[in-house]
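Common to both upcoming complexes is chain A, partnered first by chain B, then by chain C.
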Partner chain A sequence: MSMRRLSPVLVMVAGLIGLWYLAAVPMNVHEVLTAAERGGAEVSPPSAMERRDMGNWALVLRNPEHLGASWSSQRPRLPAPHVVLVELYESTIDEELNGRRGLVRSGSLSNRSLVYHGLVTLNATFVGFLIGAGLGILLAVGIVHSRVMDMSVMPWAIVSQTIPIVALAPMIIVVLYSIGVQGLLPKAVISAYLSFFPVVVGMVKGLRSPDGMQLDLMRTYNADAATVLWKLRLPASVPYLFASLKIAIAASLVGAIVGELPVQQGGLGARMLAGSYYGQTAQIWAALLVAAALAAVLVWAIGAAERRALRRMGMMA
Partner chain B sequence: MTARPVIQASQLDLTFVTADGPVHALQDVSLDVPPGAFVSFIGPSGCGKTTLLRCIAALETPTGGKLSVNGMTADEARRARAYGYVFQAAGLYPWRTIGRNVALPLEIMGYSKRDQAERVARVLELVELAGFEQKYPWQLSGGMQQRASIARALAFDADILLMDEPFGALDEIVRDRLNEELLRLWARTQKTICFVTHSIPEAVYLSTHIVVMSPRPGRITDVIESPLPAERPLDIRDTPEFIEIAHRVREGLRAGYEE
Partner chain C sequence: MSGVVAALGVWAAGFGLNLWLANGPVREARATRLAVPLIFGLTLLAMWELLVRGLGVPAVILPPPSQIAATFAGNLPLLWRDFVQTILKGALGGYVIGCSAAFLTALLVDRYDYLRRGLLPLGNFMAALPIVGTAPILVMWFGFGWQSKAAVVVLMVFFPMLVNTVAGLSETSAMQRDLMRTYAAGWGQTLRHLRLPAAMPFVFNGLKICTTLALIGAIVAEFFGSPTLGLGFRISTSIGQLDLGMVWSAILVAALAGTFFYGLVSLIERRVTFWHASQRGH
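And then the complex of A and B:
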């Protein structure tokens, strides 16, 4: 990437990081002042009760001399970016290299490392994505070929997406558990639940993209519906398919993480919830960063597959 | 004409039901097309020339009258793959090479791989696109794309070629050359061609029979059998015979308007 394209991105990132450091001051001021008081320093006002009822900015203005600790607080509400990065390093590379349960000492990934939890989430994401995309394509083919399915499936598909997934996820897990299904599959089901919808919508549009003339041409060859699907509709839908797969893979990741929240058997979602139970905000942020990086890589991978496929089909120079 | 007509229409009617009431696309259309003829349908927009062609192709169903193609009903003829159809736009599949586009009907009709390759090579040569087999449609000019679509219609060697304003979107220079090529191709293949156009010179230059049509309701006002020789260089368009036929076509079109 050239410097010309990179520099606005860098400026934007630098601005956000600056804002983050700035925001850490009022966010953490209560904890910072409590810690300073315990350390014997004089803070204003001295009463913890009084401080509790005061606004963050007011405390910041009255105690400028104690604010240096804002970015190194033990239990910050908003950890500073470098604290998150340190946590990220400690819970990935450091844990695997030097940890008692790490890859180097034990020969398997540590269950305290984000590498391990990231892979758990990735597994569920992939299985969910495959189920969701497959289901989406099948439903779209059905919808395009059957009027009954067109009228009946589409409204339900839309309704399914109006239910908040955090409300639905525990129910899916409980219902599947009661019939003996647990582990990876319930998470994959939740993941598929989120990812099938964009695929249905995109594929229906793609399968219907051939115009009247192209369908008439097939009619002059006396081609049956299966031939029209295979030779015309499916190839014509490929660009639409990839556009919706990009949305679907990101949705799959979100689904897998949400599915991990109620179960607490590993995964980035479990780490985030554990972090919030124990007030380890840096741990939440580190897990969040790993999730965001995973999403970026997954979407990029679909984009790479798209470019490859379209080039092979001769639709891209 | 002693030979049995390839296409026979008698008192054909077609009424479309629309929200604004019925539209008489065709009314009382009767026509015999002898084997090996080159028939042009000419008329202003809305005269039903394309609709008539689509009826012959069984892409539309007439609401009245009788229509036979190769001695069968139009739909039976379609099922028997009796005709190749060339649309206004080339409509090549962007994900297929020219060769694979031309092979599309052959794949669908179950020709063997070797048969496909042989036929593709032959028809591409016929439309002077030999050597472009591996190119993708976007690498070709509009005229070349339309030639490829003609090759696609010729690939399975149906006796009838139906062409719906195939050169309508092309510039005049390309169009002249394609007209010349089409005549040569017709002479070599001995097919029966039905050709929709709204260009008088094109109709007169190409046809053995010119069917003049007029709108509201769509009907035939005149059928002109061309006295021009089979061998037609482009400059035949400057001869008195040519100009006379063109004049008669124009008169027919005008008469259709004034009624």
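And then the complex of A and C:
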């Protein structure tokens, strides 16, 4: 990427990180002052009761000398970026090498590292995405071609999506477990469902995007429905397809993560919930960062495929 | 066994009726448009009821629709309070704040090229992130009330809306923009008369995606802590009590709310973007 394109992004990212450090001061001020008081320092006001009722900024202004600990607090409400990075390092590379189940002590990769949890989530994401996107494309083609399908299924495809399927996750997992299905498949079902809707809506829109003039031209060629589909509708829908695939893979990742909340059997969702139970904010943020990196790589891969496809089709300069 | 046979019979009858309605002499009637999805839905419901009864599926795995309807009708005041808490306060509040903030940001991003080059890659990146994962953090910060749910929804809808609006604003062709220049139209006039109308299909696409996201955000955030009401709270506690009738009732409320919400946005879309190819021809 050229410097000209990169520099504005870097400036924005640096600005956000600066804001993050700044925000950590008022966010953590209560914990920092409590810790300073325990360490024998004088804080103002001295009673914890009074401090509890005061605003964050007021406390910051009255205790400027104690704020240095804001970025290294033991139980921060907002951990500073470098604290999250240290946690990330410890739970990936350090855990894989030196952890109790790491390479040095057991000779195999650790099943407690974020790498392992990330792969668990990634598997469910992939399986769900392939099922959801495949079914979505098929249904969209059906809807555009069959009047009875369009009229009967399309309204329900929309309605069914307004069911927050992620809320069903615990139930789906319990029900599938009771009929003997567990592990990857229940999560993939949730992922598939979440990635299904964007693809159906995007593809129906894309397949209907050729305007009357183009359809009329196909008619003058006496083209049948299959030819119109292959030569006009599908090529015209490609930009819409990729746009919705990017949304779909991201939704699929969300589905896998939420699907991991009810059963603590590994995965990034399980890590986040564990962190939330034990007040380990740095652990939540580290899991979030890994999830973000996964999402970025997945969407980037689809974006790369999109650029290649559109360039070869002559739809992009 | 008779339940299964009856279910198959219902399926054949419903499908046959729909085929005739959709392709027969009344295919263009307004009533047909309404009747076909209704018949499809009723067929599915009847099959669900007959299959669950015919195969003797335990109610803790899948309750029949009649039982769900009875639970729903018997707990209307309770479900109404959940609806107000989760949908009207959490989801709708966050949706309005998040979407309008994203729209205004998109105008800024579009106006200043530096912001565009800096924020758009970030926005694209953030739109793809599993933002619902911030729910435990936001609940920790904003407390158990509806404010933390609205905060999750704001974060969830902001970036998809931003990316869609910015994409829409760059939808005009060079020829069209040149025409506006030959009219000596300023940035504001070009925006109002050319680029905003051209952006509307994308804006509404974003708004429609966000309706679903808002519901998901508000409900999932309740799994991480809520007062003793709300749809997410109802779902998670009822699963604990194996009261699946109540779980499905809460989901029914969410589904009805979501459908209404989505339908309302689609209706406005049809009014605003009547000229777009996807809105014509059907």
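Just so we're on the same page, the second predicted complex is superposed on the first by the 265 of 317 C-alpha atoms of A that agree within 3 Å, B and C clash if a C-alpha of one lies under 4 Å from a C-alpha of the other, contacts with A are read in each partner's own complex, and residues count from 1 in each chain.
Keep this in mind: contacts are C-beta pairs under 8 Å (C-beta built on N, C-alpha and C of every residue); 3 or more make two chains touch, one makes a residue touch a chain.
Keep in mind it's a predicted model, so treat the numbers as computed, not measured.
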Contacts of A:K231 with chain B and chain C, given as first, second, both or neither: first
Between chain B and chain C, more extensive residue contact with chain A: C
Chain B versus chain C as contact partner of A:Q74, first or second or both or neither: neither
First, second, both or neither for A:M213, with chain B first and chain C second: first
Touched partner set for A:A296, first chain B, second chain C, both or neither: second
Which superposed partner A:Y221 touches (first chain B, second chain C, both, neither): first
Which superposed partner A:A250 touches (first chain B, second chain C, both, neither): second
Touching both chain C and chain B, counted on chain A across the two superposed complexes: none
Parts of chain A lying in touch with chain B, wherever the complex brings them together: 213-214, 216-223, 227, 231-232, 235-236, 238, 313-315
Interface residues, chain B side, partner chain A - complex: 57, 59, 78-79, 81, 83-85, 87-89, 91, 93-97, 104-105, 107-109, 136
Complex contact set, residues of chain C against chain A: 18-19, 21-23, 27, 32-33, 36-37, 39-41, 61-62, 114-115, 117-119, 121-122, 124-125, 127-130, 132-134, 136-137, 140-141, 160, 205, 208-209, 211-212, 215-216, 219-220, 223-224, 231-232, 235-236, 239, 244, 247, 250-251, 254-255, 257-259, 261-262, 277-278, 280-282
Partner chain C, residues of chain A touching it in the complex: 5, 8-9, 11-13, 16, 27, 77, 147-148, 150-156, 158-159, 161-164, 166-168, 170-171, 174-175, 178-179, 197-198, 201, 205, 208-212, 246-247, 249-250, 253-254, 257-258, 261, 268-269, 272-273, 275-276, 281, 284-285, 287-288, 291-292, 295-296, 298-299
